[in-house]
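Look for chain A in each of the two complexes below; its partner is chain B in the first and chain C in the second.
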Partner chain A sequence: MRGPFTLAACLTFAVATTSGAFAQDAGAGQGRAAGAGGQGRAAGAGGQGRAGGQGRGQGRGAAAPSAPTPRWPDGKPILGSVPGQSVGGWGAGVTTLPQGQLDKIPFQPWARAAYDIRQIDQFEPHTRCKASGVSRQFSTPYGTEFVEVPDLKRMYIMDNGGPNSYRIIYLDGRSFPQNIPLTNYGYSIGHWEGDTLVIETRGLNEKFWLDTRGTPHTSQLKFTERLTRTDMNTMRYQATIDDPGAYTAPWTTADFNLRWRPGDELFEYICQQYNEGPTLMLGSQEEIDNTRFFVP
Partner chain B sequence: MKSRSLSFVIAVVIAAGIATIAAQEGHPLEGTWYGDYSTGNQKTDLTVVMKWDGKSVSGLINPGPNSKPLTSAVLDIIPGKPAPQGQQSTTGVPPTFKVRFDVDGMTFEGTLRNPVGGNRQLVGTWKRAAQSGAFQIRRL
Partner chain C sequence: MTKRAVVAVMLTVAVGVVSLGAQHTLAAKFDVTKPLTLTGTVTQIDWANPYVHILMKVPGQPLPALWAVEVEGPIVLTDNGWSQASLPIGETIRVEGYAARDGSRQISGRSVVMTSTNKPVYVGTNGTPKARRVATGPTPRWPSGQPRLGPPPGETGYWGYPTRGGLLEDGVNVQMDRYGLLNNVADASKVAPMQPWALSLYRERQRTFLQRDPMYLWCKPPGGPRQFQQPYGFQFVEQPDFKRVFVLMGSANRNRRIIYTDGRKQVGQVNGNDDNPVFYGQAVARWEGDTFVVDTRSFNEEFWFDNGGLPHTEQLHLIERFTRTDMGTMRYEVTIDDPGAYTRAWKSTWNLNWVPGEETPYFLCMDNRP
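Entry: the complex of A and B
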């Protein structure tokens, strides 16, 4: 009895953390379940693939007319919730970084082979509760919340789902310290270029994937993100991957769009690390293949 | 009997802990590997440390006063085949990772098992002049 139960629990968990975002296309609208007050479709229609029954989903529903980009008194765009208005968050929007240009990505041979294997064995570290930094923060179906603290000159990007953690973006003009300890979220410094927040992250370890499809990296990675809130409901996202350990040249992703979900708040999400499932997580997201031994 | 069971449980927990803590998703050879190579019925411990700098793999065996540097280390990839359109991803054929490294007059050649998994193993054969045998090392 225990085996099937563990498998079922495992699959449910993996699906909850990856589905929807896995299949979602760039620019697709995000939707919440009916009654949640969000944009997009009602429950049962907006969810993609295996998200059904989770209460939230991704959708392609027509976006409501959007207000202009909100701004701070100094004119800089507000990337998170607007003070005095209800809290909100950003839905998942980044799916596979090589989208639309896979054959042009300057993979090193080992990195392309690793990517190919991950198309076969699709359960990524995030499904096993591993914190997954930079672009992967914007792939969980439960979305992210940006918390800006102008007085402290920093911003927090909090991701719900998975390990339920956060990344700090320093906006005080500091430089990167030497010998940054390698971590899942790395060390992020941001600066403004017009209305675009440019975030550079270094010090990333190799314990996570950059996206749900397994784009590989090494600890030599310098990851640059460009975030532009083009209106109240839309955040344009683009990333440049500079990693001589895995690629022969830097490359830049297509544009992705995150969609604003008014009323969306962080909620308690418990990721069951150290369950027995990890050793079974191989195969496609339609089934778990336990015929091969695997440790994540 | 009880103490044997307890020892087994402890060993399993430690092994799982090491594998989980050390799991990484970067270059397949990067890291510390431990196992043995055999000559007939005799097995000799083997520790290999490999590092990827973005262009080549370097490393050594048996870190400590008796360490020996790898004189070459090569990863050769045989492409796989993706799953046909509309079929389960697991029907695809994964790429094969072949590895060869030379150290202290010995040549090791093997194939990676679970090459992007935390418990990857390198299994194959070694030779030095007229001597030869099998080896297996597991990435810690």
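Entry: the complex of A and C
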């Protein structure tokens, strides 16, 4: 491990060994602070695994006055980097979707039980290098980049943690196809409501969590995200969860803010590289676990 | 360029059944000298990449045994008209295939037949298979005249169907399958100018049917030329405003690679040279006429840079030349310079075909992992 990752990695490791969970997600360390003697909290407070704000981009001190929302020639807000300026990204900003309002969330009983169990057994798919869909993308360490490609009428959202993959948002006015195969990122289409990009997603599988705390969902989930860049440095994020498989009614989260990190470029982060927890992955580098049914 | 030049003509021609293997050569996992026939009751379908598995209960003494039947992946099965619902739970099936090399209760599903209907399922096609579309027309271009590596504005498509499955020095005539497995291991020394240690390692990987492949075992990325040998292809996404080009893969773990055209040095984006080496290397590029020339170094040694298992070292230096000769064709020519593994620099060339109107299939190697 190198440079600014080193501290976060050590802290994460301490958290992981203490809790028995295998962490590639330092952000999750926040929740395990007690078990790690507060070290996990230090990692989390430092900006989702980037130790103490020593990394790239801005520190997390007092906010400087922000420039106004950047816009394309047609007046629509630019959600990612601004042409002519250096590339930047958004810091992680979505923590837990219920935001401490658990009693107000219309959980079905099984879903509440699943949520409660996940507070104890934090066996999150993300830590096993599964791609993280929708809201979970915005709590991945090292943030996300919005790659807008106007002439192809689409945007990619790329999270820097996880398996080095990408999510597509179609902005060409299409509607959902029939029989969408279930995937970790789902099928996302976006439209503008004023200055807010509304992204609707269907076809999500159940192989990931909606946030690091384990807010459950089923493949019936219809997920709606509202993204508003209120100024250069701030992206307001709100999600509506409509999942009759897990909730008795649709519900909407509080607002979250993502912070702009100028100069933050995507870099190569391969979850599988050092993720060799023999009981969680396929087997360590040295031995192949042939006790599993399917692979290898 | 005129507008006519960028509006390419798309043709749809059926070129047979879509059948691309997902990830490994059959021999990596199954022993073709051990045929096996089993009859059992379906208990579960694991509809996931890279391969769909049918779990079935096979009667036996003192207890029935649970077996996993490996068939093609969801992408190939869907293209051939199958769905998860094609085989109901509780059906009895007769499976003919080969036993797993490691003795586990796994069988390749070369033939799977529902005994109630005596009809095959998940093998061959069901109804009308998806036709493969082919694009024709001139190379699409940017207003500047530079070729577009990706789709024309407002369209979609990806590069797939590589004409070669494994690296092979240009001019050498050796037969291998689309996974890079040689028909005859005795040909190994002809494939590329390997140093003795590299040749013995390559031979060993070939002799063991490529089963120790880090991509297959642990979903490690296919860096280097290997990303252009994958069945589910890739998209180029050009961002001239930011002087970079993304390679967005449909295979392996749906990885991304960034190629910079802003004149930077080949160092990491975070901590300079301390970031190296990495799986996809540090890539910088420039245009030479109509050819996009990518120069990449700083590879680690944790992956195979070729389906067939040719070795490389951290000294690997690649020059990749992409020339879109027309709407539907990308010539890929790679020069491999690795004084750690080869006796001289050498070259391998193949073509990729444009699949118009389609997104790269959704493939995550981790899909059926625990």
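By definition in this document, the second predicted complex is superposed on the first by the 212 of 296 C-alpha atoms of A that agree within 3 Å, B and C clash if a C-alpha of one lies under 4 Å from a C-alpha of the other, contacts with A are read in each partner's own complex, and residues count from 1 in each chain.
As a convention for this text, a residue touches a chain if its C-beta (ideal position, glycine included) is under 8 Å from a C-beta of that chain, and two chains touch if they have at least 3 such contacts.
Not measured: the values here are computed from a predicted model.
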Counting only touches as set out at the top, which of chain B and chain C does A:Lys207 meet: first, second, both, neither?
both
Given the touch rule stated above, what does A:Cys129 touch, chain B (first), chain C (second), both, or neither?
second
Output check: A:Lys222 vs chain B and chain C. Expected answer is one of first, second, both, neither. What do you get?
neither
Taking the superposition on A as described, I'd like to know which of chain B and chain C A:Met158 touches: first, second, both or neither.
second
Considering only the touch criterion stated at the top, classify A:Lys76 as touching first (chain B), second (chain C), both, or neither.
neither
Chain touching more of chain A, residue-wise (chain B, chain C):
C
If we overlay the two complexes on their shared chain A, which of chain B and chain C does A:Val87 touch? Say first, second, both or neither.
second
So, A:Arg236: does it touch chain B (first), chain C (second), both, or neither?
neither
Common interface residues of chain A - those touching chain B in one complex and chain C in the other:
207, 282-283, 292-296
Can you list the residues on chain B that touch chain A in the complex?
16, 19-20, 23-28, 30, 52-55, 75, 77, 79-80, 82-83, 88-90, 92, 94-95, 97, 114-119
Sort out for me which residues of chain C touch chain A in the complex.
29, 46, 51, 53, 55, 66, 68, 70, 74, 78, 102, 104-106, 150-151, 153-156, 211, 216-221, 237, 239, 241-242, 244, 246, 248, 253-256, 258, 268-271, 274-275, 278-280, 302, 359, 362, 364, 366-370
Listed in rising order, the residues of chain A that touch chain C in the complex are 2-4, 55-56, 81, 83-84, 87, 128-131, 147, 149, 151-153, 156, 158, 163-166, 168, 172, 181, 183-185, 207, 265-268, 270, 272-273, 280-283, 285, 288, 290, 292-296
Chain B partner contacts - residues on chain A that touch it in the complex:
108-110, 113-114, 116-122, 125, 205-209, 216-220, 244-246, 278, 282-284, 286-287, 289, 292-296
